[in-house]
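First the structure, which I've put down as structure tokens, then a few questions once you've had a look.
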């Protein structure tokens, strides 16, 4: 059953140096503050996994948390580049960043295979794309019925998956709604699961479009209101589009970035502990 | 876009002799009255597909509608045997019935492959079971990453899928909730789709646990209140458990069965046209 | 346990023993019928936190009456979450989220293999057609362990299955390992006469307990192969009053609700 | 069409031409940015029934303002249905439910292949890192047809891609057929200068229309390979007043809402 704890202890317990860590959330419900706590606790050599690495991964990469990135689209949505990600890949700053690069369809199916305890998933994908030749987690498989050749992608099973959700109850059952992305698969594929939530309630009232992740597939729940900012939590906040634009300026320069991170992350109180 | 029509015309248009037809519904929302209309219209040589053939398939088989059954569990839930199914398999009455027999996991994944436009699906299944040797739609595939051998099942793509749902709007968007079974997959795997509904409403209010099938994946919608009986439609009816028990008596004997079907199906008015 | 002063039937003893076998389990993938009755009794007695998973996609169902089908409204209405049938099999069963799989069967052999497909009747008569596999082959393979509950007779406990629908220990030692199966296989077969467990070495089902009043000879007569008996043969504790009362109330509620609804 | 008497920009012409290209389409799998702007303009003008599908899982989104990200709340709030990301790619895109895929790109070659991964800069400088593939490789493969919208320059329209992220017509005739791709591939590339279409035989992108006031030479200068020009070169109809007004109102609403929210 899920333990109700605080973010600092949850990260200390569940995220270790060298782990394969997925902070998932497709534009919506991105667990930003959990990423900040991982930075504050100076985790190193993480393999960061995520379909759409955005600001929080730019921050983690720029702060030297990651050794490798497994992803399918790494940009600042609606704005442009992730400058820290680019700097790491192009110039090895602050450290070289290995990449394993996929399409969205490939990444999504890698999580599906992981959640299904299968070693791989089959899709029609990567046809004619240069991606297949670049990745050891893309291969092919032949249909035993038709003889067709299809793409195969290796299962993803993170050591830890972290997601942000709207609510949990006191037992640690988690409820989320709105755009759900690949969170359920990322949770069920993981060995350990940390969920940050906007609030903890007595009872999870049924809601249209909501799913419930039972407490027994969640390792720890921490209350972190606003934990998705500048992403959002439907019913609690709206996307801070202005901050996504500002990030372009903050992150473009190494010193500006470092100063901002020092002030806003390293020296920030963990509001939740 | 879905055409709003009546059951008689929909079956006349969409279900043809020799078709592969799936009437899906996992205990809940079984499209019984659509099956009766198929019987009344004297369709022949159908390949009937369904995870859990129950009373309506017993009726269709007993009335000589089917040439073949593709399934994973063919019983009267909570009661016992399907006598018409057994009589067809054991004694060839009223006609021999070919079977392609799977496990639930295999059937579910066959629909998933069909909905995904893949020729097959991978699962860990049928290990040590005699089923694999009996079916041409079960094979194996080797993981290109780990070398593990896994089960493969051939995709299912029915000519027609028929489901029963709670509601549709005037455009033919369909809403269903409660136990959803494999209906979404069966719909998306099919070439043509008929949905019978309890009611047609102006607007599909969001509801907890509900999914919406957009009108553009549905061929025809027909209003058939009570169309799932003796199965049920959450929010509209409860399961008629007594009828499931009665069916055991009705169906045990060929003559009793035929008399019942003549009176209650062949000579019944199509209440919906 | 305080033994009940009231009478009980062999079927009741079987259900009580089955419910007890779920002590400590967190999640149970439940078949309809006897398994569902036992799992709900466990939830209402010693294992209130037991999560029931039905193949209709209901996670954490807490029915107040026994469902007659695997997809009764009662299961959906009381579930923590309802997921699709592909999801329940792929993410939750195959994904390794079910500690216990609870199955019935028409035939069981000495290695806990199950037949629910067809039974040879001989004399040129056609095979008797059974409902088929349902979820059982993958429950038998993937659940952390498997419990089997069946009424004891030599028509059920047979020397050789007419068909292997779901695998137990196959041909014995090492069989599951060679197939790479994740789950531990059938750890107990609970009947109306006693309890069988696989021998740790040979994996052959062995009588480890008889229910009160049942003799070993009676169990042997009802078993279609020469049944091995454990050296430390136990006698099952009789149902307690609480177990009996809870079970009977559950069944009375079930009967009443199902009568009222139809 | 009645030509507008008000001025318009090349970017506006591009968006209007892109929206017109969606006439008759039922479902469109939409990339964020220029494709999303054009698809929403189509929905607000000539194709009100157009179903917009975003890779965040929103089916039938009807945003009143343009989303800034692929997963804005506005898309979820106005969708007919929200499905998971695995589902949107497996059942809806790969399943063949998207008539049109609408893409942008950093580089396009003469066969409509797209690069969104990285760009070689030469001089020993490291490759310029782009965001990557996202949904594009499978949109390019599976959508019934693909529309591409990009601003025209010889940095975009290049002789040779630094990397093939998403395939158009590969090396030309027969390439898609050999790969067994379901979709027809890029049927139009719409830019701020004109419209290119694949030659029916060679599949090489050919200039079939220039926007009002644009010369062929100007398009050639902005294209990194010797551009072929169709014998029946057309001139695009200028934006109508309705198209311009609708687009500008949409953008004004967008600006206002996004300012108000932050």
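Residue numbering begins at 1 within each chain, and the chains themselves are lettered A, B, C and D in the order written.
Everything that follows uses one rule, which is that a contact is a pair of C-beta atoms (placed from the backbone, for glycine too) under 8 Å apart; a residue touches a chain by one contact, two chains touch by 3 or more.
A quick note: this is a predicted structure, and the numbers were derived from the prediction, not measured.
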Of B-D and A-D, pair with higher C-beta contact tally: A-D
Distance from the mean Cα position of chain D to that of chain A, given in whole angstrom: 28
Where chain A and chain B are represented by their mean Cα positions, the distance between them in whole Å: 39
Multi-partner residues of chain D (at least 2 other chains): 90, 94, 142, 182
Residues of chain A whose C-beta touches two or more other chains: 112, 116-118, 123-124, 148, 184-185, 209
Chain contact topology (line, ring, star, complete or other): other
Which pairs of chains touch, using the document's own definition: A-B, A-C, A-D, B-C, B-D
Residues of chain D touching chain B in the complex: 26-27, 51, 59-60, 80-81, 90-91, 94-97, 142, 182
Chain D-facing residues of chain A, complex: 26-28, 51-52, 71-75, 77-78, 81-82, 85-86, 89-91, 101-105, 108-109, 111-112, 123-131, 148, 178-182, 184-185, 209, 232, 234, 238-244
Partner chain B, residues of chain A touching it in the complex: 116-124, 137, 139-146, 148, 150, 152, 154, 206-210
Sites on chain C touched by chain B in the complex: 32-33, 55-58, 67-73, 75-76, 82, 84-86, 89-90, 93-94, 113, 117, 126-138, 141-142, 163-167, 170, 175-176, 179-182, 258, 261-262
Chain D-facing residues of chain B, complex: 112, 115-118, 173, 184-185, 188, 211-214, 216-217
